[in-house]
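Same chain, two partners: chain A is paired with chain B first, then with chain C.
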Partner chain A sequence: MSFVSLKFVLFVLVAVVGYYNIPKRGQWVWLLLFSYAYYASAGFKIVPFLLFSTMVSYAAGILLGQVNNLPTELEHRQKRKRFILIVALLLQFGMLFALKYAHWIFGNLFSLRQWLLPLGISFYTFQSAGYIIDVYWEKFAPEKSFLRYALFVSFFPQLLQGPIGRFNRLAQQLYEEHTLNWTQIEQGIQRILWGFFKKMILADNAARFVDEVLWWNNYQKYSGTVILVAILGYSLQLYGDFSGGMDIVKGIALFFGIDLDENFKRPYFASSIADFWHRWHITLGTWMKDYVFYPISLSKPMNRFGKFSRNTFGKQLGRALPIAVANLVVFFLVGVWHGANMKFIVYGLYHGLLIALEGLLLPYTRAWDNKWRNLATLRTFLLIQISWYFDRADHLDHAFALMQKTVTDFHITDFWNGTLFLNGANRIGPWFYGILLVGCLILYLVSYYQEKGMQLGEWLCAKPVAVRFMVYLILLYALPALGTLSSSSGGFIYAQF
Partner chain B sequence: MRNFKSLFLISFLLVSVALNSALNYLLIPNNVMRMKMHNLETSSYEDLFLGTSHGLSAVDPAVVDEITGRQSSNLCVWSEYPRDSYYLLKNAIRFQKPTRVIYELDPTYWLNKDQDTYHSTKLYHYMSWSWVKVEYFFAKILSTDFRIALFPWFNYQLQWQASLENLALKQTDNYRNFGLETFDLPYEVLKENGFLYLKDTKANKSKNMTLWDEAKLQPDALRFFQNIVTYCRENHIELVVFTAPVSKETLELNPESFQAANRYFTDLMNHYNLRYYNFNFIELEGFDKSLAGFTDYDGHMLGETARSFSKHLGEYLK
Partner chain C sequence: MNHQSNLEKIIAILQDICPGVDYKTCQTLIDQQILDSFAILSIVAELQDAFDVYLTPMDIQPSNFNSAQALTALMERKKAGGK
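What follows is the complex of A and B.
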């Protein structure tokens, strides 16, 4: 059930109206029913995978909790806990591997992908795995009720494209009783309208041009300049699509009184690649930091490597090197998370390498970056654009071919001699150029004020009713008036993961 | 507070509905679907043609009727998928008692998902209220992009320059009386009983087309075709199926694709025990299959080619 379909609009409406009109103690059950109904709407055959992931992590949590309470020696408990953790994670990631990656390594012989790839599997697998590790680390006691836990894994707004939730921040909100709060409903509407603005007006309009130029071998018809503009368009498309989707998810959750974690914080304002990952797909970044980066950094082999590198390369470099290695591992996994394709691995490693380099060069670049922050932001933006070649291309060779053409067939004059309108861009027409430019300006202004710390949602809520009425009406009518239908309109890019 | 919020919400909805209606009136021009639905409700037919844009531009009921001696209507429209055909047929049966349905089968529409098409909302929009309309809403409209479903003017979003023209047209008796005069355009003319006569504009002939790939066959297409078969049998209506010819240049470009489609649909129609004519593989004496008689490689016929084809079709339907 696509977020943009009328069916989904009515589905959410029924869910919200029912949520506040049933006895409050049953609200979480209501949400669970709607979450499974939502998932099943994509096909009953994918539901067992969600159930499997839920059951494995639930059982692991219960077993870990029991071992925690055993009156035995710590070492004995640790051994049993480690065994449970390893088995549970193997089952979780084994399912993900079999469905998403096995075909890549073994061909179709050992792969389930030939039959299906359940929607949102990467998101709920990571969410469940995070829960198991947290219970293993005794951050909180395991959830005893299977149904309540099942809601944590399946909460429908976030099921397909995140954010990847953490049990200690999300679960209590899901289970507690909520009273209708009009301010939250209004803030939810604001987020949803803003999300649709980014998706339908920015991402979908950009997609029409991007898809035309970058689709398979189409790029051969266009100059390097047009390809570069298409990559810039893709950066807008991807951001509008993914962050717009997150705004819609956050808005829907707010209807139920639930405040999900932010997944984006104006990533193109980042002044370094590390900063970018604190602003882009934040919940994946923090997941990787907590469950991969720190365990690797604090592991015994890495400690030994740290001592070795400090002795060999000196204090500064010696300290930065183990962090660089851990970052490379993390971003290799980030790449793999995106999909079974070499282009994603190179995408991840590219980011990992840049972050490692940033860490190593930090002592020399910090002062310059602080002084010339805007230039650092521009540098980061350009470095990010290079990574979008890998992300957008159909495969690795395609990415390199696009890069090669960008460099070897680049003509600066194409920017003003009309080539952009004659080739590729004419597919979307001058109207859409105008819409994209105005849309970008609005996006920039909103992001700028948010970056300055302004809470635009609250600011708008405090305005007179007539102003809000007009703003919401304009935003609503802008969606059909300025939005478009493109090949990616029906769905969201990250819902494929 | 709560009353105030409810008032805000109701006012917002009312203003929104009013604005939406005004934009629909201003931006949506007179269109073929409106005419076809009107014909369906006010005339009487023995034969109904269902199908896609190929059928819309290939079947002239006036020519076919001369040969068959029956009364027929062309209900084919752009992007009419089997799902749309099924509900269009059910809606037609509310007003008509046809003894035969002739389904124009374009394999392309069996390969693509039938979501997010503007034309289905037009069909929905011009259906008068009935359970069929409600069924169609749940079967199709509910799953489309909410902008297509709720804002029918979305398809004409950038055609503001035509709004005054639309406004003027909608005040005329010609429009109110469903006159055909407004459909005489430089590139096409809508004729009696739903035939769209395409004029030769000498424009470049587009090569865009979808080739047959059985692996991409949509289960919904099969399901709704099966529904059409069942519905016709239950209502004692004969169902005949045909595929309109494409140009010989198109056939020469992708012969395997057309042959594979023909094999698949011949088997399928045999399975249902239906008469099936694939005119890509039937010699029609005196019918010029050269590209000059088509607007594109995909197979949309020019008006005169369509009339020539309709004579042959009439012979097969006699």
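What follows is the complex of A and C.
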């Protein structure tokens, strides 16, 4: 059931109306029922995978909780904990591997992917794995009720494309009783409309041009200039699609009084690649930081390497080297997380290498970057554009071919001689560019004021009812009038992961 | 070593890794993103050397890294053999 469908609007409407009209102690059960109904609407055959992930992490939590309660001085306590952790993570990631990656290594013989790839599997696997590790680290006691825990894994707005939730921030909100709050509902509507603006007017409009130009069978027809514009369009498409989707998810969750973690904070305003990852897909970045980056960096072998490196290369370089190595591992995994394709691994390693380089050069660049922040932002933006070649291409050779064409077949005159309108059946007129340029200007202004710390949602909520109503009405009218609807992958790029 | 000299030692480490912050008063080093993960790991490496302790991922909590005082308390707990 796509977010961009009348069926989904009705589904949410029934869920919200019922939520506030049943006895409050049953609200979380209501959410659980709707969450499974939502997931099952994509096909009953994918439900067992969600259940398996839930059962494994629930059981691991309970077992770890029992061992956590044993006296710390007891022999084998730590060994038992580690055994449970390893088995649970192997089962969790084993399922993900079999469904998403096995075909890549073993061919179709040992892969389940030929039958199905359950929607959102990467998201709920990571969310469940995070819970297991947190209980292992004794951050909190495990959830005793299986059904309550099942809601934490399956809460429907975030099930398909995140944000990847943390038990200690999300679970209590899901279980507590909520009273209807009209301000929160209005804030939810604002986020949803803003999300649809990004999705339908920016992302899906840009996709028409991007898909035509960058398609493997098509790109040779176009000049490097057109390809460059298509890559810029892709950066808009991807941001609009994913962050717009997140706005919709946040908005729907607000209808139930639940405040999900932010997944985007104006990433194209970042002044370094590390800063970009503090702003782009934040919950994946923090997941990797907490559960991969810190454990690797603080492991005994890495500690030994750190000491060796400080003694050998001096304080500055010696400190940075082990962190750079851990970063490379993290971004290799970020690449693999995106899919079983060499282009994603190169995409991840490209980011990892740049962050490692930034870390090594930090003592020399810090002052310059603080002084010339806008130039640092522009540099970061351009470096990110290069990474989109890997992300968007069909495969690695395609990415390099697109890059080569951008450089060797670039003609500045294409910007004003009509080439960018494309030709033939896929002609794209000035109206297309007009909508995108005005849309980008609105996006930039909103982002600029948000970056300055302005709370635009609250600012709008403080305006008279008539003004707010007009703004919402204009947006509601503009969406179908100026927007495009994509039909691939339930409408959202990241739902495929 | 007493508490005050531990605190001074930690402030010196912080100043070396991320200069330009008033570590005597700042209580929001993580909340305000003054220290990023790169800085945190540099600090951890220096603290482990200086205090001869071993930190684990469980110790990397905002509550332990938000101020020089919190870091001092963490080091003192670790030296005493606690969590």
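Everything that follows uses one rule, which is that the second predicted complex is superposed on the first by the 481 of 497 C-alpha atoms of A that agree within 3 Å, B and C clash if a C-alpha of one lies under 4 Å from a C-alpha of the other, contacts with A are read in each partner's own complex, and residues count from 1 in each chain.
The working rule: a residue touches a chain if its C-beta (ideal position, glycine included) is under 8 Å from a C-beta of that chain, and two chains touch if they have at least 3 such contacts.
The structure presented is a predicted model; accordingly, all values stated were derived computationally and were not measured.
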Practice task
Return fit or clash for chain B versus chain C, each positioned on chain A through the superposition.
Solution key: fit
Problem - chain B versus chain C as contact partner of A:F469, first or second or both or neither - result: first
Practice task
Determine how wide the angle is at the CA centre of chain A between the CA centres of chain C and chain B, giving a multiple of 10 degrees.
Solution key: 170
Exercise for the section: Look at A:Y294 in the shared chain and tell me whether it touches chain B only, chain C only, both, or neither; answer first, second, both or neither. Expected result: second
Practice task
Check the residue A:S5 against both partner chains and state whether it touches chain B (first), chain C (second), both, or neither.
Solution key: first
Completion exercise
Rounded to whole Å, the nearest C-alpha atoms of chain B and chain C in the superposition sit apart by 37
Handout entry: Of chain B, residues touching chain A in the complex
Key = 1-2, 5, 8, 11-12, 15-16, 19, 115-116, 141-151, 153-154, 157-158
Exercise for the section: Would you tell me which residues of chain A are touching chain C in their complex? Expected result: 137-139, 274, 278, 289-290, 293-295, 297-298, 303, 306-307, 310, 319-320, 322-323, 326, 359, 362
Handout entry: Residue ranges of chain C in contact with chain A within the complex
Key = 17, 33, 36-38, 41-42, 44-46, 48-49, 54-58, 60
Completion exercise
In the complex, the residues of chain A that touch chain B are 1-2, 4-10, 182, 200, 431, 465, 469, 472-473, 476-477, 479-483, 485, 489-490
